[in-house]
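Okay, got some structures for you below.
Below are two complexes that have subunit A in common, paired first with subunit B and then with subunit C.
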Partner chain A sequence: MTDQSASQGQTQVVGAAVRLSGGGPLDGAPEGAPDDVSFVPVGPEREQRRTRRFRSARWVMLGFVAPALVIYLLMVIVPSIQSLQLSFTNWDGISPDYEYVGVRNYEEILTSGRFWNAVKNTLILGLGSAVIINAISLGVALMLDKVGRWQGFFRTAVYLPALVSGFILATVWKYLLNFNFGAVNTFLRDAGFPEWARDWLGDSSIVVGVILFITCFTLGGNTTLIYLANLQSVPQELTEAARIDGANSRQVFRHVTWPMLAGAVTVNMTLAMIAGWTIFDQVMVLTAGGPGFVSETMAFFIYKVGFGEYRAGFGSAAAIVLFLVVIVSTVAANAYMRKREIQA
Partner chain B sequence: MHDATTRAGAQRRRSAWLAGAAGVAVAALALTGCTSSGGDGDDAGTAPKTTIRFLYATGDETWNSVVDAVVEAFNEQSETTTVQLDPLPAGSDYATALKTMDATGNWPAVVDMRDTLTYINAGKLAPIPESVTELIEPEAVGSAEDGNVYTVPYSALNGEIGLNIVYNKDYFEENDLEVPETYDDFTDLLADIKANGDEPLATAAAEVWPSDQLWKQLASPYFAEWGDEGGFWTAAQNGDATIEDLREPLQELLDITNEYVLEGWQSTADAQTTTLLVNDMAVMATSSAGIGRLNDINKVDQDFNAGLFIVPGEDGSINVLKNAVNGDTAGGLAISSQAAEDDDQYASATEFLEFFYQVDTANLMEANGWLAPNIVAADEIERNTSIPGAEDYFALLESPNLVWYENVSDLSTFSAFNTFFRQARIEMQDGQSSIDDTIAKVQAEFDKTVAAG
Partner chain C sequence: MSTETELLVAPARKPRRQKATPKKLTAGQIAVMAVLAVLVLIVASPVIYAFLNSFRSYAEITVDPMGLPTQFTLDNYIQLFQQTDYGEALLNTLIITVATVVLLVAIVPMAAYGIERVGGRTSRFLYILFIAGLMIPFQVRMIPLVKGFDEVGLYSTLTSVILVHLGGAASFGILLYCSFIKGIPIEVEEAAHVDGAGRLRTFWSIVFPMLLPVTSAFVIIQALGLWNDFFIPLVFLDSSSAGTINVAINRMVGLLTSQWQLIYTGAILAIIPSVAIFAAFQRYFIKGMSVGAVKG
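On to the complex of A and B.
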């Protein structure tokens, strides 16, 4: 069982403490007691020894975590808090000084058509990629689960795109989709379908869809492997019991497999949504937000105004807004999906 | 027993191997750390040279070859300095690169600058010494408000005379077409080419900046009308002009784009227009590289007979923007304040810039297809007229119809507004926005820029 919720509240700490003392897990157990590690008798004296050992072990654990924690605080948390402070200023990102402008940056953002267009594109790419990637990845994982001897080969093939950086893949696609000389249009024209050749990255009516396609192509590998791992941990006895009761394949999937995958769906949807909200590489390489402003996303908008236009204060305010959007949507989605998860 | 002994021996051998490998790795790292990256370069038996970095943008192939040649020549003759090239990859966002350099305290000594006023105000650039500025024609350098010169030109300050229409001369001859003398001639030319069943014009907008190539040629006659008010943008800042005054050139831009521009321009990169031209996919192409574009075409196809012209105004005038030597749009080579804090670095940067403005260096640039900067000894420069079409460029400089105009803005964030304006024009050309909406949107953005100061 890989559902994390099933492991909450278990007594692994008791088991570990017993091992540290050198005692066996069943020492002191009455005769006839079930052969169960959780049944470790813990009288007051043993409880105190365990607490002392845990306190000293905790300091050791903190000692190991501290270096990474300090770096994380300095590199992520502190700059994030500083972004909040800068969002109320007119700092250009270069000058040594700046002025506080109150909520002017936020007012400008929330009344900016360009910003809301970026929000719309982010929603399309974030939600769209999350749903499409998960649907396709689940289908591929179901097929991989049925493959016998060649599963390793196909698993590798599915995962390979995830090993290449989004930037490089987007660059490759940019050449493939070039209107005049790209392989896609050249093939279409040579195959006798010149009317199908499109300006894939310059047609404002389809460019966001093209970016969505390329994003899904890039991000499917990890999602597939997570689903595959979860599929392979679904208890066989449950599926066999369902089949014995007369369930067909679709019913087995719907009533047994799908509920057992709830935890994996939560993880994958959350990761895909976060990746979608913060999509940047593909937009930067493929379209630079164009033509015009049509394919700008929130992350690209923040980069463009904050870095490219010497408006670091304004860009920080946009980043705070993006952070709030990601937090709210992720928490809400998680809360909904968690309800579906099965407790073991 | 035998097995335990064998395993113990294998473990000792493995441990020894691992220790040896670790030792080799540590030694390699130590040697790497000993490599000099920013300090003095050594030649055995000679005084150590100061190494400085020269950051430059690499989007123009002609400029790339000029930089390589000039730096190589400098390094060969300098006894005190070695210049290390620090190229900015093509397509990089310049502002981001400079900000990153600044944030990491990694300024090169000599920088190919953009958005200059912002950096001058932030104290990031050092004054250029007089030993350099006295080599350059006085009109080609401008001082900031504090009286210091912070940037010096890296090419001839011929304004935006490099914004051209490059065309296929052979096609023109075969079809009895002529270089337009008025704007109406230009639109007739476009119609004639289209009537032949050919594509009249290729332009680019994948990177935002090439959208200026056609726009500025169309807008220049209108901008030139505001010369007495300090330029259009100054007049707009003072409330004497508005974006509405640009409606006519915006309409011209939209009409030409819709009727005569090669499909796919929205995702066409600037460099690709050369390919489109030499492959006869378009008869003309927009360019902002002047003679450099002719040089690029000649490198790709030595048999291609290229020429260039500037779209004239309705009255036949050729209106060309003068270079800004001040303000945010002024560019050029600069010395960083960080380098100026080190006497050796500053002296080396000065030595390099002094070399940059010598006659021999100018001749080297011309030989590589680049127009040398306006040095005092300009008469001694051997101009390169061997590139096909170059005679058209030099003829423009001598044209009796040439009208220079100024259009400098002193707004510190004008470059940010300019980027917005370019994107808004592309949006309009692409049909996503009407002219009315575009004018309103751009006016609102300009008003915000003015309010921000």
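On to the complex of A and C.
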């Protein structure tokens, strides 16, 4: 029960972040509203005293925030604004000076086939991995929910593979998929299907699918734990009542468990998509964007253009476009899933 | 058996849900466990393959890619440290991970406390300012950060990597801590304040210990993320540095194309500390994920 309400708490927080960063920081705050609304009611004298005390401690509290705030501003906010500025220049990333070229970078990006290909790959990998990983995680969580006393053991066993980073996993896969000496092709040849052996990472017709497969080669880790915690907070009375009314397990899942998981689905999908839009490690390791530019994602495109091809201004413009994609898709997905939550 | 004892000792406590199931496993449960075991084996198979091959020579691997190790030898492990910068990279990764985690714990809980207690519109503004960072991908700030660090002479230093990580983790930390601090009654702090403790001491001696469950979840999530990170050290550490383990392995892929056995060995060595962190804090971790991340 606690877990359930708690998860909804996070959903709201994520939602708030989405809404507000979409609209501007003080969007929801009406002008001239009383400052400390939350402090007004109950015993007025005591509240007043506390407020006064808080006023006097205000600068101390701001001092508490200061170290983190300074680092955050210098490492996140200021560079993000600089990125916007650089996106209107032709800076190469090395020379001390550069010129402003207006929106030329954006024009070039939006008419570049290479960039749209990267957008397409990002959508396939980002949305595809979010849906597949969530489906796997929910399936594994449902199984873990069933194993009774052995749950602790299996929960750990399921989590262990998630400790291996995407980078390490991709590196090992790169060698497993090697054309001549890789384990996959060797296995296929030994098993009597030599015609199935192929250049998995060099064949432009399948390479994005192969990267998607490797990205989704997981049992979910944290996503699974979040689903499991939410499953266990589904009141047993509800599922029992449904059973007494004659529902089979599929109907119980469809009409009782699934609606109760709506909040967790929203949170997990949002987190998975934010991670998916910036997929980089797998592409860098497995193909370096190749063959040609076939398997580039937006994150890889920005890295390659900005540092490899000495077009920092152009790369910055691509980064700003990525930022917009993250904001818009997250807001849209949240709005859609929230509507579904209400209907459910 | 132990279940029964427990129930006898504390009959008033509501038995946990899974303990309410009959003692004997049902056929369905055994089937589910078998499926889970197979799934874990499949997902772990690349790592198992790398582990087995870390005991084989390059010749053995290429002649028979599917073969098993014929002898237990640590040759590859010794070679990895002698022939490459792996040892230095390991140290760099350790420094980055420990320093970032320590600094995060030093500044983030305090900042979250300040945000929650400063009150009014300032509180809301600061909170939203930090949370907005969750929506800013690293790629957006990457190019100007390289430029900035280059200008102040910090490019390709561990300091630059640590600072970038600190900024990136602050948003998530504020999100995590603020929701917990909201639940702490102000009266406790007022009592301490009356007793003459300063605000800073009140925080560290009264509030901070109460945040321990969040702190353990935060530390473990961050430590694993930092240890496993590849992109940030790749961008901020050039060839003048040995890099982190992942960067070092990536360079081996490029330079020593033929040394497969060393790459498998490096991969296994990179995984061991993650497993160790997890094993040491597993209890806190599962609880932290169920309470911490869900509540987040």
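What we mean here is this: the second predicted complex is superposed on the first by the 274 of 344 C-alpha atoms of A that agree within 3 Å, B and C clash if a C-alpha of one lies under 4 Å from a C-alpha of the other, contacts with A are read in each partner's own complex, and residues count from 1 in each chain.
Keep this in mind: contacts are C-beta pairs under 8 Å (C-beta built on N, C-alpha and C of every residue); 3 or more make two chains touch, one makes a residue touch a chain.
Since the structure is predicted, the reported quantities are computational estimates derived from the model, not experimental observations.
Asker: Applying the touch criterion given at the start, work out whether A:Arg311 contacts subunit B, subunit C, both or neither, answering first, second, both or neither.
Answerer: first
Asker: Taking the superposition as given, does A:Tyr106 touch the first partner, subunit B, the second, subunit C, both, or neither?
Answerer: neither
Asker: Determine, under the contact definition given at the top, whether A:Val140 touches first (subunit B), second (subunit C), both, or neither.
Answerer: second
Asker: Under the stated touch criterion, which partner chain does A:Phe181 make contact with: subunit B (first), subunit C (second), both, or neither?
Answerer: Both partners.
Asker: If you stack the two complexes on chain A, which partner ends up touching A:Phe253: first (subunit B), second (subunit C), both, or neither?
Answerer: neither
Asker: For the three-chain arrangement built by superposition, which of subunit B and subunit C touches the greater number of subunit A residues?
Answerer: Counting residues of subunit A touched by each partner, the higher count goes to C.
Asker: Classify the contacts of A:Ala157 with the two partner chains as first (subunit B alone), second (subunit C alone), both, or neither.
Answerer: A:Ala157 contacts subunit C only, not subunit B.
Asker: Of the two partner chains, subunit B (first) and subunit C (second), which one does A:Gly93 touch, if any: first, second, both, or neither?
Answerer: It touches subunit B and subunit C both.
Asker: After the superposition on A, what does A:Phe213 contact: first (subunit B), second (subunit C), both or neither?
Answerer: So A:Phe213 meets neither subunit B nor subunit C here.
Asker: Given the touch rule stated above, what does A:Val294 touch, subunit B (first), subunit C (second), both, or neither?
Answerer: The answer is first: A:Val294 touches subunit B but not subunit C.
Asker: Check subunit A for residues that touch subunit B in one structure and subunit C in the other, and list them.
Answerer: Shared contact residues on subunit A (touching subunit B in one complex, subunit C in the other): 93, 180-181, 303, 307.
Asker: Provide the residue numbers of subunit A that touch subunit C in the complex, in ascending order.
Answerer: My answer: residues 3, 6-7, 9-10, 13, 16-18, 20-21, 25-26, 29, 35-36, 39, 50-51, 54, 57-58, 60-65, 67-69, 71-72, 74-80, 82-83, 86, 93, 140, 143-144, 146-151, 154-161, 163-169, 171-176, 180-183, 186-187, 190, 217-219, 222, 225-226, 228-230, 232, 236, 264, 274, 277-278, 280-281, 284-285, 298-299, 302-303, 306-307, 312, 315-316, 319-320, 322-323, 326-327, 330.
Asker: Inside the complex, what are the residues of subunit A that reach subunit B?
Answerer: 90, 92-96, 108, 113, 177-181, 199-204, 287-294, 303, 305, 307-311
Asker: Would you pull the subunit B residues touching subunit A in the complex into a rising list?
Answerer: Contact set of subunit B toward subunit A: 93, 95-96, 98-99, 102, 115, 118-119, 121-124, 205-208, 263-268, 272, 275-276, 281, 412-413, 415-416, 419-420, 423-424, 426-428, 430-433, 441, 448, 452.
Asker: What residues of subunit C sit close enough to touch subunit A in their complex?
Answerer: Where subunit C meets subunit A, its residues are 3, 17-19, 21, 25, 28-29, 32-33, 35-37, 39-40, 43-44, 46-47, 49-50, 61-62, 65-66, 106-108, 110-111, 113-115, 117-122, 124-126, 128-148, 163-164, 166-168, 170-171, 174-175, 179, 186, 190, 199-200, 203, 224, 227-231, 234-235, 246, 249-250, 253, 260, 263-264, 267, 270-271, 274-275, 278, 282, 286, 289-291, 293-296.
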